[in-house]
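Both complexes shown next keep chain A, but they swap its partner, so chain B is in the first and chain C is in the second.
Let's turn to the complex of A and B:
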């Protein structure tokens, strides 16, 4: 991992509780300007909660109990709601999984983009509107003059996601959180949206935190990957290192479960046995132990921490040296 | 949009026609009005004579067509008691009821909607609990009881407001509150639930994520979205207020069509009852058509698609 570059955003031992259970547990990662870090994991692994915490928009039931969220030298975890409002949309923006649902159905998209600009800049409506129109050009929406006056229901899902990206980027944020940005879209539109995000990162030096469960998307766009399991980071590494040589049994099995083009046509899909544990059932040991083919008594009794395996590759497993066994099983 | 408007108008027309027909059938089921008009000692010939004069001896379907023909010419028959057109009598009382219904609507909307907004956005606060208590009271105390209670407290004991009659503004206050209380609760509950529903939607979180305060998101986006179910209620409530006036006007001796309806039923002056029933039904139909048009104004998905 590229630790040398000054991290723009660093999440440090972030812990979030719901009903007393650590649903996000000591999650740490950093992201530098112009880089993309992917948080990968199954539904309920805490990746979305992590992103909401970065925006100070945790649902009422969830509470951050520990950890820091540093945007350069400001700890977002402790600033007031009033100060956080100046950060949201301006320094950190987010795009969501359901673009159409994330837009107010009764307000034109132009107004909604302009609104995002006006919240942070005291400009006239006309000026904000012109800015918004320019933004539509930047995200590649044809006929922006007309689109400005349309309502979300008149636009396709891909188009709505471009609108959301316009809203997210109009104030030139330094960090963009993309929470499953392409999950609800067609495959062809997915590629377009990913290309657009890549282009924007390159042009503007925006740091992206990409939340996804899609390994294909990760391979396409991410620089670093943090694999999350049941609220904890299992493994974190530069993308190539992770795909070439996973150092955590969960990652190895996850990668093995992605169907490949050269699989036999009728071959069974590889799966990971068992279910993600319920937060109320988190034990003292490794949370993956019950599903892990390498698990030993030690795994069930003691929680492994992330250990450095060199080249910025870190994994939280007691049996990193035995991973070859899994790769054999998987292939 | 034109298509949408045309559809709504046709629906309204059909509904109104149904009402006219049902009213006609009910009036006929209630018996032969001729007997009410003749003196106690009238002979059978006199009764038959009068029945023939009034046309009640014709076949039902002829009478029905005659009735519809009359309605088309705004001829609603003559009051059997006062011997003047029923419509004129109702029209002379109508302004009072309109005043009262308007007063009640002001109470219902003016208090109900803000209360609903506060209850939805300040959940768990003391003020929310106070409002909930008021709303539950308004919803559960029957109109005739709340009217009498108001008279007892503000009219008799405190002597702040007149106990009955009309004319001054002060006389309008208590009947408006008594009549509007139930509607107020309905508005408050609908507004509250509708806003809570909207607050859980993704666009609210997205609005906050672009730097808006929760209050701004509510004002700029949530209220308009939450208004749609409330509009439906408003349409129904206006009709309910007119119908509810029947009781309140009696309690407060308010000379509107509600009081007139009770008096006319007691004196079996069917023509007047018929006009009042038709009028209230017409208001129901009219307000629901208006609501459909207001939907279209608020919601582009209706305005632009259908």
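Let's turn to the complex of A and C:
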């Protein structure tokens, strides 16, 4: 995986507890400048908690018990809140799923964008305002001079998401966390926003951590993919390798359950029986064992670690050699 | 159910909002949410209604179940007219049409047991009572892949996918001929999405129910539907059989939608021809002249802003409303 060459952000064995359960368990990944890593998984897999930890925004009930979050040589996991305030929004920032819920309804969007810049750079209002206007041009908002003075309710969902991206990027952060950035948008607008993100990554060398459950979005924009299940990384790989030859039964079944071009209409889709376990029910073995068609006693008793399968492809499964059976089940 | 009769037949339906003078304002703009559409759905057929927010698909769904009165046009369910029907008649017609919504958590009463929720439509209609009612609830639960003892539990004790199964069980309680599925799997996790789609297909095979399937996920549409209708700003712009539709999409908006939906395959996705639409959906209160799509259309010429194209049949059976397709 080429991100290993020169990681900008490196999350190492991050573990987060809620009520004594490891809801994020030894999660490790790295991302290099100008690259996109996708954290993929279903609700409750820990992908959002992981991203909040990177911003020092864990909810009170959650506690990091282990691991490091290195942004170059600073460990974000241990720095004080006071120090974090200088980093958050400047070196690492976030865009959320629901733009209209993330913007202040009583402040013009121009002021909201300028504020982020003023706080971190201590410049005059006029200078910050001009910078914000320039930012609106960069994210492709027509007529920025007028838009600056509008309120969020006057803008569409797609426009609001562009405003969010402006706020997140105005300080030129090195890492952008995008938490389901297009889930609330229509497909034609989603395509616009994904293209914008690709352009910004290319132009500015921003590293993106993309949180999503949409395999289509992953296929479109990610360089690397970490598939999470019940708080652990099941499989991590460069995007092409992951889709071509998944090495974890969960990934294989997930991909098989998405309807594809050459499927017979109304034929049965592959499904994953059962459901994601509650954190209080995590056993000692592989957390996917109860739903896995390949599971053996070993899987229920011993937790598999990520094993290198070559070319930066790593999977946490005792039965990587039996994956052909899944592909057969899936087709 | 008579196999030759259409379960649903709507003709030239238009739904308008506003336009009345308010207390303080003058006459507001008329929002033409649905503007003259025709659609037929046959027995055991699944028709997809595809479009983005604000295109009028939810208004059309509401009109079909009689929750919204159309400004003009006719809506027939099993040959019986819904528009202008009296309350009692409407009630009789309506039991044959049910709806499933996107978010099952919002469609279930958190304080009712699952059994009570599923039984309610049957109690209201006086279909069954006592032991028989209980037995029917149990059968319905089993049909959607749950267990009879689940009837005593509350919605919060179930996962999202199971809740959608409960919603489906309730929709099936009155043995409807048509179920309107409004984005039924969009709120669900990927692995349970497939379970629900399989369930909908299996139920159709068993009962012959027809679906109007509202969705923007073309992968799902291709999997589950027999015919596809694309809607833009209150009008149908393309309708065709599934195979024709996906093999040879014609309207530029259809093509843009297809190019915008990301394929779950990086090789296909990164090599496909991209047609990214500029701009956003215009407001339905201020629909562009001529072809409503001309403001965003890459093919638009002068005639498009002047003359509205009608849906016209093409050689392969598709019907398309475009001057240039």
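By definition in this document, the second predicted complex is superposed on the first by the 327 of 331 C-alpha atoms of A that agree within 3 Å, B and C clash if a C-alpha of one lies under 4 Å from a C-alpha of the other, contacts with A are read in each partner's own complex, and residues count from 1 in each chain.
Quick note on the criterion: contacts are C-beta pairs under 8 Å (C-beta built on N, C-alpha and C of every residue); 3 or more make two chains touch, one makes a residue touch a chain.
What you see is a predicted model; the values in this text were computed from it and never measured.
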Legend entry - Which superposed partner A:151 touches (first chain B, second chain C, both, neither): first
Inset, instruction - Using the touch definition from the top, say if A:101 reaches chain B (first), chain C (second), both or neither. - result: first
Inset, instruction - Mind working out whether A:119 is in touch with chain B, chain C, both or neither, as first, second, both or neither? - result: first
Inset, instruction - State whether chain B or chain C is in contact with more residues of chain A in the superposed arrangement. - result: C
Inset, instruction - Give one of first, second, both or neither to describe whether A:55 is in contact with chain B, with chain C, with both, or with none. - result: first
Inset, instruction - Kindly classify A:214 by the partners it touches after superposition: chain B alone (first), chain C alone (second), both, or neither? - result: second
Inset, instruction - Could you tell me if A:257 is touching chain B, chain C, both of them or neither one (first, second, both, neither)? - result: second
Legend entry - Parts of chain A lying in touch with chain C, wherever the complex brings them together: 42-43, 156-159, 186-192, 194-195, 213-220, 239-240, 243-244, 253-255, 257-261, 263, 265-266, 268-272, 275-276
Inset, instruction - Would you pull the chain C residues touching chain A in the complex into a rising list? - result: 52-53, 159-162, 189-195, 197-198, 201, 216, 219-220, 222-226, 242, 256-257, 259-270, 274, 276-277, 280-281
Inset, instruction - Could you please specify the touching residues of chain B with respect to chain A in the complex? - result: 201-203, 205-213, 216, 220-221, 224-225, 298-301, 304-305
Legend entry - chain A - residues contacting chain B, complex: 55, 57, 85-90, 93-94, 96, 98, 101-107, 115-116, 119-120, 151, 153-154, 164, 167-168, 171
